[in-house]
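Structure incoming, see below.
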């Protein structure tokens, strides 16, 4: 049975929502690996190592539609990564004359790590869009209700009078920080290291090839001879996406708490959404709840990535590298889902300034006691 | 676009391997929810609350093949869980006469939590089988090579002479402990709490209904009126499966280290597997590497589950409950994959007593310095 | 500068509270190691390997008051564990005639792991007491206010009428499960493995010595020849204490939420506690807040322990073993602190049935909309 | 019993090593809080809100030596943070005329968060120094042995010939990235928000006061009215220090693996260090092992901080804020310890080019098979 047909995720509605889900699909990952192979051939042509028509022939074959995705993913189990069957398939596609120029001097990790940088970049663009949309929506809510007086709540207790504008300002700032953190991961550093990781397999033009490779991929090239097992790019990615998930979680938490029946200062309103299987009168802030649930997956995934990042031994890690893949893939998706759910929550949000005023009055009575 | 068609996992070969992948598919989860609905109706018939034929009619409709899985999972996003659309579909299937008896007095969490117990039980059976097979294979290797002298290695340094039997004994013990821990999760406690969680919606026969419900599902019924938000079953599950993943990781780590070219006391041998995209002479212990990579996902998932378990507020959690689902689903799969990969590794394992002897002799020379 | 004088914890009031703090102090750990050395000598006398008076002389010296704790802890850095300087000191204390019988045939890990079992056992007794006290207090509150009607809250929304008894029942059940989980760690399995871990250094009486050793320590002896690097005891410990911390966190979360000014159905009342640096009228549920804060440390520590448990290579781990120590030590303390804070919170708890009734009435008005 | 006297850490030699231990002591934290109070008074004088002599009198009292540290830390348990007793003590010290100007318009979180920024900055300076020293030492080793041929090892298998210079380059790059990440946390953003978090308590000169406050502390001031519960500074800190710990762990792992008896290409040599309690001939790379052990604590702490960062509700968090403190404190220390241990390891490192050459020759023989 093929890997993809064995399951459709029961909880994808929660943690594989929004455009990042498609940007991290199996085909999307394989396309990114093919993009890296095409960029490599192109860079070697740029450096005069292989003829331009050879590179063009390789690039022409680097389209995932030309591959049997399920078969490649199934064969990935044999060598421990998808590049091995992908390169075999690519060589077959381009024919014997061009085949020797495919994956020339490279090793699987050159391609997988470059593909990772591409998938992260593409996902980061989507999440950046989502965060900007959330910020814009927050600004609209703030513009409309920002001056509404409300009681501030510290440690769950009524504190002193404030305004709803302080809430929306806080949301905007957190989401803006999140967007900046995500944007900083759009150009992950990659290495063109070859079998030993030190780049010597690429010969005297290694530096030029690496520069062209990075430019073609739109990523940054790492230090020349340090190899694949220095994982600060992975760790930096983990920290940044973890920050973004936390920012989304905080806003969603505020929505959930302000939407409590006992507070009722905001609510999510949408046709068909938020109902209960047993209580027709209930109106649950499902989008904020889902944003929280998706975002709560992130810290554990960050810790997995950091453990892995610190565990790459010698010139190629026997486990820690492979362990990064599903955790990174998942961290992209859960953060993307959290942001998408949050956008939905903010779009559904209705604000009740009257209830804010009533709670504030009530608070004054409590303080009098 | 349906949730399931948007992606086939790029890294499923690593972390969705073995029988647990199918046992945790979207259809498998929905079937488990339908099993819970059928058990509920059956239990209510057992207690004389609804007519037996009504319960039978419900049970007859509780087959996932009769539902549009993708549509149900897409609609799950509206109310925040799959039970809401599933119950709607079920009521339509059984017709207006029987419909009122569907999901009677229950709430979504009654069903989702019971389905979780079923999916865990089914997955536990598979992982238990895998662990027993791994133990048996370890015993066979031990029987054949257990008396081979080898140097023990502590903190990476040659220590004193030992035998390979000490290694296989250690592996066997760890995997046996893992099997016991997994087996202890086959009967997760569930609650039949209804909308408020305290079971009162089920009326005076609550206890009898709950007992029948649990018996029909093959799980344990929890304390009667404590509700859904006391999550020691989730936490106990997390700990047990985390233990099993760690046990598998340890054996895989030993294989990877003993298979180092510089040690060479064991190797994985299999046609077609373990090759390199750049180095034909290499022979990588891919199955052990993959087992480690899958198992390394577990601790982060356990921490997510424990955070969630401690964060269920009041009578139903607004996020922490939903956060459990993907983490639990993933923990089942990564542990299942780790055990499956480990089985493969042990099946491929060849032991080299001559190399052990040579390394031991060499060690004596080192100690002489 | 000695290790102990360099700092007094700024946040010990939060995470080193209650009797577990003393049970996990530096002197307490060293005493546990000395207890293990005394038990080893005793067991070897029991088995006839060394003279009884020799064992008695060793036992007589095994009191931490006879050692310079700071010096031992400073010297621990040289060999990577405290047993090395402790054994040196012990040999000096007992004099040259008895010295050769100290730590006979053992290795550091025999002693450190046994000491860990002792520290866990002693801490578990304290936490068990704390949990039982919390359960008793919960029962008293339940007995007094259990029949008070209140609105149940699911996903933050008013659901249907329930009683406060459902809340206290849930608390009691969670804390009872926690006590059972903690109690199961009172007899951690230990190994007497010697330098290679396979026990052969102890000669033909290894099994008898190991049995006497375990009996004297009040712990369980592990399988005979599997060595030190099979860490299911560590993983089981981590899961159990993680479960207990989650159980405490859940109760504390309920207190914090029910104590919100907007709900006000419970409050912590204590002279001098719960004030604000800026708002005199505030009454913060500080003990519940602190319980949550302490308990939130646990999941990350559990994940550290599980990562370590799966990473013990070959016959002694070069890092993963050492990594267990501070995480385990900390998990004991944060869980102990969470339980202690929770006890305090429950002792301070006042329940307001009038407010419950008022909120319930208000809820009926909300449902009418 | 005072908090500080109840324990001296058993494992401080491992995870409270180097200058960060002192920079994160209880007195160091209280001094940072006093520095924040002094800066606040100074800033208010700068803005003309209080007389300069009043601010000077406050600053003159803000020295931790003038406080009973244990008493303050014990009293911290009453209100849930140390600022409350510290402000009480400070007001007493300055006398009734000046007392009203102490902590004017501020809330505890203003001070605790600013103190955190100071403790992080001071710790970052130490860790930066340590990383630079490690980089320098790596460069020296590289300059001396960089051209030594050695076999590269990928997935534990001999790959192709490389040089030791590739190893030291990789180490240098990772540690350089770590230093950059740490340096970026030297100016954490803080907020001067007052009781409601929106800064209004500080009146019309809030912005000026906040600017002076930040300048005096050498930190950055956050957006003006967003309050305390937007925690991207905490999340960014966590990611950066997690990255640094991973970088240190990777270098230490390489040392441990290259020092294996079966490889022997490097070793740690130091008088008195690295011995065994049972095997005199062993030479363990204790400093690298300890660096790994300390660094392995980091990912779990990062996940705790990210969970907390995403869980700050409304205007002040009832648990998530308090949960940050011990985790942040500990993350500073374990990362500081890992870097300190790594420095020690690199200073002790001896390189064996002859063994490298011998292993490379042996590798050629293996490939011939």
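Per-chain residue numbering starts at 1, and chain names A, B, C and D are given in the order in which the chains are listed.
The definition used in the following text is that a contact is a pair of C-beta atoms (placed from the backbone, for glycine too) under 8 Å apart; a residue touches a chain by one contact, two chains touch by 3 or more.
All values derive from a computational prediction rather than experimental measurement.
Engineer: Taking each chain's centre as the mean of its C-alpha atoms, which one ends up farthest from the centre of subunit B?
Structural biologist: D
Engineer: Write down the chain pair with more C-beta contact pairs when B-C is set against B-D.
Structural biologist: B-C
Engineer: Distance between subunit B and subunit D based on Cα centroids, please, to the nearest Å.
Structural biologist: Taking the average C-alpha coordinate of subunit B and of subunit D, the gap between them is 37 Å.
Engineer: Could you please state the distance in Å, as a whole number, between where the Cα atoms of subunit B are centred and where those of subunit C are centred?
Structural biologist: Taking the mean C-alpha position of each chain, the two centres sit 27 Å apart.
Engineer: Give me the residues of subunit C that touch two or more other chains.
Structural biologist: Residues 80, 107, 153-156, 159-160, 195, 201, 253, 256-257, 276, 279, 284-285, 289, 296, 299-300, 302-304, 307, 318 of subunit C touch two or more partner chains.
Engineer: Per the contact definition, I'd like the list of subunit B residues that touch subunit D in the complex.
Structural biologist: 151, 153-160, 256-257, 259-264, 276, 279, 281-285, 289, 300, 303, 307, 359, 363, 366-367
Engineer: Over in the complex, which subunit C residues touch subunit D? Could you list them?
Structural biologist: Residues 1-17, 21-22, 24-30, 69-70, 73-74, 76-84, 87, 103, 106-108, 194-195, 201, 252-253, 256, 272-279, 284-286, 288-290, 292-294, 296-297, 299-304, 307-308, 318-323, 325-327, 329-330, 334 of subunit C touch subunit D in their complex.
Engineer: Which residues, counting only subunit B, touch subunit C once they are in their complex?
Structural biologist: The contact residues of subunit B facing subunit C are 80, 107, 152-156, 159-163, 165-166, 169-174, 177-178, 181, 195-198, 200-201, 222-223, 225-227, 229-232, 235-236, 238-240, 242-243, 245-250, 253-254, 257-258, 295-296, 298-300, 302-304, 306-307, 309-318.
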